[in-house]
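Order as written gives the chain letters A, B, C, D, E and F; numbering starts at 1 within each chain.
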Amino acid sequence: MVYLTRRERFNSAHRLFNPKLTDEENNELYGKCANPNWHGHNYDLFVTVKGEVDPETGVVINLKDLSQIIKTKVIDKLDHRNLNVEVDFLQNTIVSTENIIVAIWKELQVELDKTPARLSKIKLVETENNFAEYYGD
Amino acid sequence: MVYLTRRERFNSAHRLFNPKLTDEENNELYGKCANPNWHGHNYDLFVTVKGEVDPETGVVINLKDLSQIIKTKVIDKLDHRNLNVEVDFLQNTIVSTENIIVAIWKELQVELDKTPARLSKIKLVETENNFAEYYGD
Amino acid sequence: MVYLTRRERFNSAHRLFNPKLTDEENNELYGKCANPNWHGHNYDLFVTVKGEVDPETGVVINLKDLSQIIKTKVIDKLDHRNLNVEVDFLQNTIVSTENIIVAIWKELQVELDKTPARLSKIKLVETENNFAEYYGD
Amino acid sequence: MVYLTRRERFNSAHRLFNPKLTDEENNELYGKCANPNWHGHNYDLFVTVKGEVDPETGVVINLKDLSQIIKTKVIDKLDHRNLNVEVDFLQNTIVSTENIIVAIWKELQVELDKTPARLSKIKLVETENNFAEYYGD
Amino acid sequence: MVYLTRRERFNSAHRLFNPKLTDEENNELYGKCANPNWHGHNYDLFVTVKGEVDPETGVVINLKDLSQIIKTKVIDKLDHRNLNVEVDFLQNTIVSTENIIVAIWKELQVELDKTPARLSKIKLVETENNFAEYYGD
Amino acid sequence: MVYLTRRERFNSAHRLFNPKLTDEENNELYGKCANPNWHGHNYDLFVTVKGEVDPETGVVINLKDLSQIIKTKVIDKLDHRNLNVEVDFLQNTIVSTENIIVAIWKELQVELDKTPARLSKIKLVETENNFAEYYGD
């Protein structure tokens, strides 16, 4: 069993905001991250899959296929977008790093289940000081 | 003459957009960077000053003073902000990396002229693939 | 269950030295790392916590709270300090990367047990070539 | 139980190629990675061992010893070499990142079993976007 | 006058070798870099152009255009290639970092002279420890 | 004229301290950097030389020779040392980043003047946020 990781990147606007809370409560909870005029990040997304090495090809999954799945299902929907208002699979979600990776997992797992690789881990780096990881459970 | 550089960071939303052009023209010119719902970046700002080394202190300028000037005059106004709508010194500016560094230069030069150091260079890294530099002329 | 990681940094002096051994034995064991005049490092500390995502806030733990705990309990005691002589929780410890992370774990676990997050992993990067990790057991 | 990681680097030429397939099949499978004139990479190899911290030394294994084992058994055979034609332990192997780390594991495990540390993980970074990991099973 | 830099990457095989010298002389001169079976690198190419900021667009040159020129004239010819045998503009060249950047300058200057930007600097990073820069004279 | 840069690293202890000032004055001036028990850094030293490309070798200077000069004249004296008390060429110097690079310049220029390359620039990175550069005048 070998683990293979592909990095893809996206640059997005977002804000942390719970619509059930007042503006004051949001500000108290999230500070400047709640700014109603948005802020943004360069996100680094690391998708790790696991699988047996195919003796015919020497790889777990063709990296081009893995990259293409991530781009089509995730990057094309997030890159140069507003995460709060433009992403179908993030509707009604507080777009924290934690919630984004759980949502990305669901998008990718469906597609990766059609391949010989199994989704193992999603890591999302928001800044050089902060990142989140999810293993699907 | 020694050159000293301090890095500070800010995370902001922006879009590339010329209000004199139509939406179609903006899209043709800037592509996805013109998205009216904004996108964003982790910006790395490198401010380089030059000066003689003070024999009493061994430094060109106290790094805490340099850092404080950059934070007060630039970072506090840009971090977790929308560069198009919330920044006094970027009003009526197309917020390209090029224009941002020229505007930052003007903000910092006034303050740094009160110190023994001279502003030498502004470098702004928008992504790992793109950055701009300005030397004041 | 989502994992959230915060990086904090500290710059410290230290030496590898076992007081039970002679100087010659320390030199043989640790080489230049045993220099009695000290050397030092820029340390990168990565603290990973795990927990359920709170549906009201969208996060496992508020990153400001996590950062504040790490700074108060660890960074303020280590940064710009001599790890061998100035740190209460490293007394009578050979300040190897391995021992430092076990000691940091004990300092942080007490505080993090008062939060909804559980301490999952401590990673300490001493140089670009060397790092240690600890999972609490 | 603490985990200790040492990074070593090597710069090598290789190509992805299955000799049982035709040139056309190799091209379809691997694209430009199958170029018969070779291409190459700066590889970053991260070797992680685990073990108890020795109370006499404060370390799991002396980093110099760990580094020396990796250099002698792996780096000296791979660095500035052609992975397809010059490496004894990669003969008859499709030199994908996946297969390289499984082969490196076998080379290192034998040597590390003579030390107090146990081999825990091999990570090989081929580019800033691609890496593979192996845990021995 | 603002300076704008675009990074592009290529992964190539090469060797240092002067055909006028004997194998022994090449080995003495270049060491393991002369290995006749090749080795390789992940190269990071930084292309810096300078120019006035166009008040209509806010940029010196559209980054997509700059990226496209670099890809078409340089990256497509170098990436996943053997620098010694497959590159038209490196024929009869010792493919040192120094000679590669001078050759890349000539390829890019012709194209960039058709744009509003002027080529200012080529930087080529061969490893994390070695890079070369060229300013055209 | 091509510029070639070699990076070497050293890990050292130091403090900022002017012996002509009182402890209180040093604390006011340098803050925690004046800690009498020392602190330390991982320093990244970038040495840039310039020269014509030798048509026989394709290089400005053999990188092994450049690396060897830096190691012998600088790194061996600074690495795992206390910059305030153990370095001959830093005696009676406030070991700020600024003063260290001026002192390194003098050490290296003498040796490099015996080679075909000319010393062009010294860059010393103290942390990811601070670095100094010196061009010899």
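What we mean here is this: a residue touches a chain if its C-beta (ideal position, glycine included) is under 8 Å from a C-beta of that chain, and two chains touch if they have at least 3 such contacts.
Note that this is a predicted model, so its numbers are computed, not measured.
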* To do: Can you give the shortest number of steps from chain B to chain E, where adjacent chains in the path must touch?
  => 1
* Distance-maximising chain from chain E - centres being C-alpha averages -> C
* Can you give the rotation angle that fits chain B onto its twin chain F by Cα atoms, in degrees and rounded to the nearest 5? -> 120
* From the options C-D, C-F or D-E, the pair that copies B-E, where over half of the contact pairs coincide -> C-D
* If you tally contacting C-beta pairs, which comes out ahead, C-F or A-D? Let me know. => C-F
* chain A and chain B: spacing of chain centres that average the CA atoms, whole Å -> 29
* CA centre of chain A versus CA centre of chain E: separation in Å? -> 34
* To do: State, to the nearest whole Å, the distance from the C-alpha centre of chain C to the C-alpha centre of chain E.
  => 42
* Which parts of chain C, given as residue numbers and ranges, touch two or more other chains? -> 128
* Asked: What chain-chain pairs meet the touch criterion?
  -> A-B, A-C, A-D, B-E, B-F, C-D, C-F, D-E, E-F
* Mind pulling up the chain E residues that touch chain B in the complex? -> 1-8, 48, 53, 56-60, 62-64
* Inside the complex, what are the residues of chain C that reach chain D? -> 16, 18, 20, 29, 31, 93-99, 101-102, 128-135, 137
* Which of the residues in chain A come into contact with chain B in the complex? -> 9, 11-14, 32-33, 35, 37-42, 79-82, 85-86, 127-128
